[in-house]
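So, here's a batch of structures to check.
The two complexes that follow have chain A in common; it is paired with chain B in the first and with chain C in the second.
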Partner chain A sequence: MKKFINDPRDVVTDYLTGLEAAHPGVVRFDRDSRILLRAQPARGKVALVAGGGSGCEPLHTGFVGRGMLDAVCPGAIFTSPVPRQIIAATRAADAGAGVVHIVKNFTGEVMNFGIAQEIMAFDGIRAETVLVNDDVTVPDDDDSAGRRGLGATVLVEKIAGAAAERGDDLARVVAIARQVVARARTFSVGLTSCTTPERGRPTYVMAADEMDLGIGISGSPGRDRVPLAPARDVARMLADPVLDDLRPAPGAQLLVMLSGLGGTPESELYLLYGDVASHLRDRGFDPVRALVGNLVTSLDQQGAALTILALDDELTALWDAPVHTQALRWGM
Partner chain B sequence: METISTADLIRCLAGFAQRVADARDELSALDAATGDADHGANLARGTIALAAMLADAGGQRPGEVLRQAGLVMVDTIGGSSGALYGTVFLRMAAAVGPQARAIAPEMLAQALQAAAQGITDRGRARPGDKTMLDAMQPAATAYAGALSQGDSLPAALRAAADAAAQGAAATAAMRARRGKSSYVGDRSIGTVDPGAASVALLFAAMAQIGAPAP
Partner chain C sequence: MKKFINDPRDVVTDYLTGLEAAHPGVVRFDRDSRILLRAQPARGKVALVAGGGSGCEPLHTGFVGRGMLDAVCPGAIFTSPVPRQIIAATRAADAGAGVVHIVKNFTGEVMNFGIAQEIMAFDGIRAETVLVNDDVTVPDDDDSAGRRGLGATVLVEKIAGAAAERGDDLARVVAIARQVVARARTFSVGLTSCTTPERGRPTYVMAADEMDLGIGISGSPGRDRVPLAPARDVARMLADPVLDDLRPAPGAQLLVMLSGLGGTPESELYLLYGDVASHLRDRGFDPVRALVGNLVTSLDQQGAALTILALDDELTALWDAPVHTQALRWGM
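And now, the complex of A and B:
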């Protein structure tokens, strides 16, 4: 293992220290509670709180700031935050207009947010939960923990964040966030696994001529192992399951997010995006917005995840609204 | 030994912490087969904090020790393991209650069943889903069965530990239907569930307190 670390147990704290040092005007790191907050807390608006295992950066820590999240509680690497952090983040973010918990549908994340909400209820603090479950890999039935929350989380955080920033009330922000979840799907492909600092070697090893379809965001194996294919074929393997599940109207305007998993160069991501966009047009859709880069990652894993959102005028306007975070910045 | 005192309980939990420390890499390796290879590291973070808490717990009643153990686990482990181990100890604490000066054998039977129910409630797990429940429920059932046959407390704890170990081993043949392993479908078949394996360590530590002193 070759990594820039001091002690494997300190990687999250040390990372957040550096993030604050680089962007003091955007974020503030509360070491005692291990939560990340906006440098200038918002007032009188609906607050958005998210949290999950670390190692997926810039999710969620890179999305704290104007137009997106108010507070984030990062867990250990690939491990959900604990209730104490979730409660601290909720209290710190609460600006008097209600709090939304954006929860990815992972067993640990759901349980810990659930315990935190049970504890906060004793003090009369309530948060609305928006559950993100966009992964088409997992069948939507009772034989699994259910569909994981993946790339759609970024879109929920941006679009609901814009709705909160313009002054929408709690019910409206929650409704918009759930609309994004309902209209977005994700499918992923892994070319390698990743190396966690604690373990020090790849979580699993795949042959050089294979790839994993249907992976998540923790370096875990995928659902199917198939032969490595040219990018234009991979583009179809990613886009078709998403489109077949989402079923956008013919000619629909799409927001297309292609996220690297941390170890794939941007040039490869844009190469793949070109093939995805071309395939989407061939299938009669209109990719009008694109976001390409490392957005929801698994440390140093090679691979990519395709998220598609079926837009409408309001969602497009909220997507285009100004944002200023470490990882996304436009319009301000 | 006819009841479990605070000192017995502390020895049991300290023994669990030691077993987790010893099995840390093994538990993570089991997790690598279908998950993210961190069960050992995460659980060890919790049991190190647990061991520190136990150092000051000698003056507490057993129910309070269990309650504190639950809170420590839930706030240091994270992930589903933290929530579930926290739930296990908090439900046992509720079953034992704050007043009891020692845990009577029948009270422990209720506490173990409450712990198994807690896993079901928190994680919607059913028997055979390849989870912690597949070690916890057989252990709770075997313990209650041994008591009702008239077995001594140490013998019942031994029966629970054996059932937990067998239950954990049996998860190898199961297809995961809860937790991260459920995402890989049939590829989850063939390895022992790391959560069930760590529950077997907990029951092994419990059996140890009933064993004759070396």
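And now, the complex of A and C:
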């Protein structure tokens, strides 16, 4: 294992220490509670809280700041945060206008946010859950735990964050967040396995001529092991399942997010984006906003995840609104 | 080789096509001349032109836009641009107030920019060269080609770009750019080799318990092969040679850039940054600005490069000035 770490057990704490040291005007790391907060807490607005297993950075820690999240409770690597952290983050973020919990649909995350909400109900803190479940890999039926929450989480955090920042009330912020979930889908491809700091070697082995379709964000293998293909074919393999499930209206304006998984360089992501955008246009859609880079990752895994959101005028305006976090920043 | 590419011979063109597709409001790719330009050309200001081997993205292509570069001429992977491209970029960027060529000190780059300037002298285009040579690996004496241009290039492009944008004249922009070069140093460590698309396998082999101190940005090995060390030791190994060469005044305010090499995830870079910042404070310096992420890379190589700039009030103000490029954006 070749990583910039000290003790593998301290990677999350050490990462958050570095993040705060680099951006003291943006985030504050509360070591005792193991939560990350805005450096300047917001007042009188709906608060947004998210959390999940670490190792997916910049999700969620890189999205704390003006225009996005108020507090994040990061778990251990690929492990959900515990209720105590969720409660601490919620209390710290609450500015009197209610709290939105942005929860990715993973069993542990759903359970622990639920337990935290039951405990906090005694304190009179209003927390509404927005469940993100955009992964088209998993069938959306009653027999499974349902679809996993993946890249759409970033879009929910940005767009609902902008709604909260402009002063929308709790019901409206929740409604907008759920609209983003309803209009977004994700499909992913892995080229390698990731290596967790605790284990120190790749989680699984893939042949040099294989890739893995339908992976998630916890380093687990995907649904289909298929032959490695040129970027223009990969673009179709990612975009078609998303479009066929999402079914945007002909000519629809799309926000296209292409996230690397941590180990794939930006130049490859932009190359792949070019093929995705070209294929979307061939299918009659209009990719009007693009976000390309490492956004939802699995440590050092090589690969990419395509998330598509069918925009409307309000979602576009909220997307374009100013934001100042470590990982997303514009207009301020 | 596992990469998102089509034909290895087309990687640069395909990447630039994707970059333009993602950010049509920021950059325009001129396919015929193989240069990247601002989407909206600036008028009446000093123009900044840079170029170098591809594979180091976002350098330089990700830094085209308001507040930074006007035009970039990207060569093939790890290969300098040819004079014809440099001339095309210079002519396209020239807005009547003179042109600055930001040239990294590599033999081919220096030679080809020189040839281009000789040819353009007949046209009456004023182009001044700013040579970047911040790599402390290489001794700064008369017997070598001198120090390589590495991460300081990003700082020159941002700070001189802000000076040009506010209307400084050619002599002043050049003077500020040279001040940045004089006050910045870089030292790098590689954990793996990169894999070029043409070759398809790692350029060299490193043992699992080794790292490579003093690498550059063209995939070549470093100066010292040493045992892999914990992040807090790596932080010292990077920072001390930089500080010992740069010799900032006690208590100096520093801009600290920690760039990944393409394959190292952001969470590791922030973790390492935390240890660097802590060591800088222990040595009596004040890291007041941080830039952490993949900025000057070597394709998919794992590793990091530390660049330190000794700030003054003017350089800080120019650093903080608004910028809108693919890779750096704030204030607009």
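Following the convention adopted for this analysis, the second predicted complex is superposed on the first by the 332 of 332 C-alpha atoms of A that agree within 3 Å, B and C clash if a C-alpha of one lies under 4 Å from a C-alpha of the other, contacts with A are read in each partner's own complex, and residues count from 1 in each chain.
Convention: contacts are C-beta pairs under 8 Å (C-beta built on N, C-alpha and C of every residue); 3 or more make two chains touch, one makes a residue touch a chain.
Fair warning: this is a prediction, and the values are worked out from it, not measured in the lab.
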{"item": "Chain A residues touched - chain C or chain B, whichever exceeds", "value": "C"}
{"item": "Touching partner for A:Ala290 - first (chain B), second (chain C), both, neither", "value": "second"}
{"item": "Partner chain in contact with A:Trp319 - chain B first, chain C second, else both or neither", "value": "neither"}
{"item": "Touched partner set for A:Thr203, first chain B, second chain C, both or neither", "value": "first"}
{"item": "Chain B versus chain C as contact partner of A:Asp14, first or second or both or neither", "value": "second"}
{"item": "Touching partner for A:Phe63 - first (chain B), second (chain C), both, neither", "value": "neither"}
{"item": "Which superposed partner A:Thr107 touches (first chain B, second chain C, both, neither)", "value": "first"}
{"item": "Touching partner for A:Ser220 - first (chain B), second (chain C), both, neither", "value": "first"}
{"item": "Chain B versus chain C as contact partner of A:Leu269, first or second or both or neither", "value": "second"}
{"item": "Residues of chain A at both interfaces, chain B in one complex, chain C in the other", "value": "none"}
{"item": "Chain C residues within the chain A interface of the complex", "value": "1-7, 11, 14-15, 17-19, 21-23, 54-55, 57-58, 62, 191-192, 208, 211, 228, 230-232, 234, 262-275, 277-278, 287, 290, 292, 294, 297, 299-300, 302, 304, 324, 327, 329-332"}
{"item": "Partner chain B, residues of chain A touching it in the complex", "value": "53, 75-84, 106-108, 111-112, 114-115, 137-138, 142-145, 148, 196, 198-199, 203-204, 214, 216, 218-223"}
{"item": "Of chain B, residues touching chain A in the complex", "value": "28, 32, 34-38, 41-42, 45, 74-84, 86, 122-123, 176-180, 182-185, 187"}
